[in-house]
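Presented sequentially are two complexes of chain A, the first with chain B as partner and the second with chain C.
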Partner chain A sequence: MHTAIQVENLTRVFNRRGTAPFYALRGVSFDVSYGEIFGLLGPNGAGKTTTIKIMSTLLLPTSGRVTVAGFDVEKDYTHVRPLISLISGGETSGYGILTVEEQLWMFSQFYGMETPVARARIEEYLKVVSMWDSRRQQMNRLSTGMRQKVNLVRGLVTDPKVLFLDEPTLGVDVEASVIIRSIVRDWVREKPERSVILTTHYMAEADELCSRVAIINHGLILANAAPAQLKQDLDSRAHYEITVDRLDGKQLDLITAFMEEGNDFVLGVDKVTNSPMLVAHLMHESDIARLITALAGQGATLEYMRKLEPTLEDAFLKMVGRRFEDEEEVSPIS
Partner chain B sequence: MKKKFLLFLRTLNARAYVRIFGQMREATWVVASVLGGFFTMATYIYLYRTLGTGSEFSGLVVLGGFMTPFFLNVLWGVATQLYWEKEMGNLELMLVSPAPLSAFLVGLSVGGAMHTMLRSLAVLFFGIAVFKVQFTVLHLPSALLVFLVTLFSMYGLGIVFSSLFLYHGRDAWRTADLVMEPTNVLSGSYFPARFLGLGLLGIAALIPTTLGLDALRQLLVPSFTVKVLDWRWELLILIGLGLVFAFIASWALRSVEYKARRDARLTLRWQ
Partner chain C sequence: MKGFLASMYIGLQIESNWTKKWVWLLYLAAYPIGSFLTVIILYGVFGQKTGLLPYALYGTIFYYSLSMVFFDMAFSVHDDREHYQTLKYIFLSSTSYRTYLCGRAATRYLIALAGIFINLCWLVPVLRLPFHPNWGYLIAGATLGYLVAAGLGLAVASVFLLTIKLDVDVVDALFGGIFVLSGALFPPTAFPAVFAKIAEFVPLSPFIELMRRAISGKILTSFLSDMSTFQLLGRVALSAAVLFALGSLLVSFGSRQAQRKGYIDVTTAF
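Up next, the complex of A and B:
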């Protein structure tokens, strides 16, 4: 059994009085293997959180089927719940009057853990997130980053098979984000029967952590592949930024000749050195050596060159048609 | 089976811990609630003394002051709690865990009752010390039994209401706010419930505090004669009510959780 999660033709419709039914998910299918960190990317209202709520037994599907560790989330939810944990970004769960240690112990009891086992794991993970010294601090006195680290520990202490991370680094500073990402990565590597489902607004985070990502929009899966594959599928051309000391008649004739072969160029000026700059979109990777040699042959000296790699954000933008920052829709699930 | 039972007990214990030890850290709230209860009680005692009623009326007011915090705890600390948990984002985590909702609510009830007991005893102590009220304990085990059965029945009712709150959210909140004072009146906290008359008593008997208080007054204030029923009958009715509430609560929690998952009411805040 290598499949941690199987989602088959999942549809969820929200019916509201006085408004047309809202289709949050329209026949979504994907699967997640054990040992995998799987990313769900999409703008607000795309259906990410609805999918997570269904997978974590908080919401029933309108149609379709979801299994977690082989158990149906609709019918066998009592078997699913001991195996999962949910951590949401910006979470203010728990009780401010409890200390960090008490809060984590309380949640461990909801999973039936024996107190000595729970205390040992709490100590282990609090040390991992560098919060052991803060264990007696009250929850309402913690910073956002510290609180999110406690939430992460809360999710890990019960040793789930599937960890749902819904925007885990939302509103968290860079240092805490790096720690959280590192812990999640190590946690999955530690045991092969663990897996993580991640939704995030940070493309770099998904790129860094996920072995596969699904891009979802308007309740439909637009793509489901490894981040490298998504970027590769975006554009097969090679992209370079080149700065030279001069770009006049002879060099421009050379560029025109390259353009006749199907290559594209954008001319500009380097903002730092004020030297002429070229952004070259080349049909073949090998064309870059030919271009540089030819420019040198025409009397231009190369000052600077770098290869431009497409990002996951570019892939997202191409498929969804807008960036995360341009979001307008609001999910019916908050 | 043993695993499920242990899970239930551990959840109950953890949730009760928050109520008992967590809330003790809010000292100003504890002091304010004791003083609030004391001053309400003092108002009625002075009123009865002004009217020249017998000393037994002071005793029944002090007992009312002792039981009222429990009723308030049931209404605002159990019935509305799932709604609050949802607003705080805890309900999702409670439901995603393998623990049953009933374990959380029983934990809340046990913790709430123990925490409230301290406040109620403080009110009782001040009542006795300040107003020199005397109680005659005719049969301590019976009084304790009546008290515990009343709590069982009251908190059972609270758990029934909590499932309604979970599903109906703010509408139920307003309803609770609306019914609080009438329920306070109907339960006869500061006067003998028999004065309500037969019609109202039929409704009032559904609130466990009504018969519980009446029975306690019979057992602790011998000069109290305006009873509703003999305390033994009242005890039997309270046991019956408690069992019915426990059964309804168990069914309602399962049913409401299913409906809430179906209608997305577990995750929508500020509904």
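Up next, the complex of A and C:
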């Protein structure tokens, strides 16, 4: 079977006493293939974690259907659970009095693993995350980043088919984040029958890791495509930033007249060199050659040039109307 | 089975890993004293004439062994959900939550029984307690008693799965009531007839009386004296089967409802 996860018309409503029902999800549909890292992007309260909770059998949907590896998460959850792992970021889960090794072994036993197999995998993954030397350290003595690495190893030791990563690098330092991302990427590449569902606050992380992302807001999927596609859909024009030794307004008017209609130019000053800086929004990628010829015709010498690429953040901003940082935490339960 | 043993292991680590081994062994021996010290003062010092010291002491220590099981099960829910934040990961594993709770509580039970054994080594000679153990009844009773307590513990755990705020007072009141009615501390025959009759049907009553007889070799009061030791064992077995089945059903129901409400991984500021 090619499809790892199928989400069909998923709705989840939280009824709270004395307040109106909270619609966390409103008819969400998507699917995830094996071998894919699928990202769910959205501000806090958008419905990402609710979706992950339902897919991982922690929460029941109000309506709609989710299958993981062909099993219905609502009816066949006992078949789903041995096939999945969940790793949540930004929490301090774990038995503090256990050592790293004990903690990981204990969870492997909850999945019925043979101890020699479990121990071998624990050693392998602890070495990958550079924590083999800390294996006899108690969990409560570990830093946040180290705890999250142990959390990741716990999720991988059981060799799940589907890995749910809910903000896995939240509150983790840059070095640990890089390691976690690298492991996740390699883990999926290793076997084609694996897949990862990732929610993250970090757009660059989603851009780097995900083969496809769904942008979710107010419980609705606004877009579902490859990051490159989402960025391309944002704006088909090519954008350049060009610093030259000299250029004034009159010369720019001449250049604008020389170029085809629809190309926009903004003249400013490079904050570092104080040289004139031209930001060009070109209708076609190929227009850059014509622009450089025009600049040369005005006697301007190129000092620096770079292409401005739209980011996933720009795509998100366009669809949702605000940036991630503008959001406040919303909890539907507490 | 692996899940059960791993749960026993975490139970042992939570109980013992906070200090050095010798300190913990000392604690293991000293901890149960708190449960029966009052009884010794009450019946051994002030109420010597009643002759109820062996009855109350054996009753209290065996009640204590079961209380370790149901208190552990009840509080594990909040411990794992709020403090360790591992409840969701246990739920998502291949081990059923019932098995996990039973494993953790089994360790608590064995630790409690070890503490009782250590203390009986000095209590019996010092207080001249009747001691003619029937090991067959003791082992069978202890095993069935665990299932009785586990059934009660699972039932309370199912309620705790559906409550966000931990209400210790309710649990204390519930098990305090059972303590009084089960005849652990004094014979329920001292109650008005109606309550004495109710006491006979409290699930812990036959267990405690069975263990008293199994360890002392005597029928110490008239409470449940019309039943033979074998009949008591049958009553305990029946209670164990019914309560454990009921507790299992309730914890399955509670888990499903918690899944519906989104309570499995909820954390609060409590």
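Criterion: the second predicted complex is superposed on the first by the 322 of 334 C-alpha atoms of A that agree within 3 Å, B and C clash if a C-alpha of one lies under 4 Å from a C-alpha of the other, contacts with A are read in each partner's own complex, and residues count from 1 in each chain.
One rule holds for everything that comes next: contacts are C-beta pairs under 8 Å (C-beta built on N, C-alpha and C of every residue); 3 or more make two chains touch, one makes a residue touch a chain.
In this text, all values refer to a predicted model and were calculated from it rather than measured experimentally.
*Asks:* For the overlay on chain A, clash or fit between chain B and chain C?
*Replies:* clash
*Asks:* Applying the document's definition of touch, where does A:56 land relative to chain B and chain C: first, second, both, or neither?
*Replies:* After superposing on A, A:56 lies in contact with both chain B and chain C.
*Asks:* Applying the touch criterion given at the start, work out whether A:116 contacts chain B, chain C, both or neither, answering first, second, both or neither.
*Replies:* Neither partner.
*Asks:* Who does A:18 touch here: chain B (first), chain C (second), both, or neither?
*Replies:* The answer is neither, since A:18 touches no partner chain.
*Asks:* According to the stated criteria, A:102 is in contact with first (chain B), second (chain C), both, or neither; which is it?
*Replies:* It touches chain B and chain C both.
*Asks:* A:249 in the overlay: touching chain B, chain C, both, or neither? Say first, second, both or neither.
*Replies:* Once the two structures are laid over each other on A, A:249 reaches no partner at all.
*Asks:* Between chain B and chain C, whom does A:86 touch in the aligned arrangement: first, second, both, or neither?
*Replies:* both
*Asks:* Can you give me the overlap between the chain B contact set and the chain C contact set on chain A?
*Replies:* 14, 53, 56-60, 81-82, 84-86, 88, 91-95, 97-98, 102, 105-107, 109-113, 332-334
*Asks:* Which part of chain C faces chain A closely enough to touch in the complex?
*Replies:* The contact residues of chain C facing chain A are 2-3, 5-6, 9-10, 13-14, 17-18, 84-86, 88-95, 100, 164, 259-268.
*Asks:* Within the complex, which stretch of chain B touches chain A?
*Replies:* Interface residues on the chain B side: 3, 6-7, 10-11, 13-15, 17-18, 21-23, 25-26, 88-90, 92-99, 261-262, 264, 266-269.
*Asks:* Would you pull the chain A residues touching chain C in the complex into a rising list?
*Replies:* Its residues touching chain C are 14, 53, 56-60, 81-82, 84-86, 88, 91-98, 102, 105-107, 109-113, 154, 332-334.
*Asks:* What residues on chain A touch chain B, complex-wise?
*Replies:* Chain A residues touching chain B: 14, 53, 56-60, 78, 81-82, 84-86, 88, 91-95, 97-98, 102, 105-107, 109-113, 138, 332-334.
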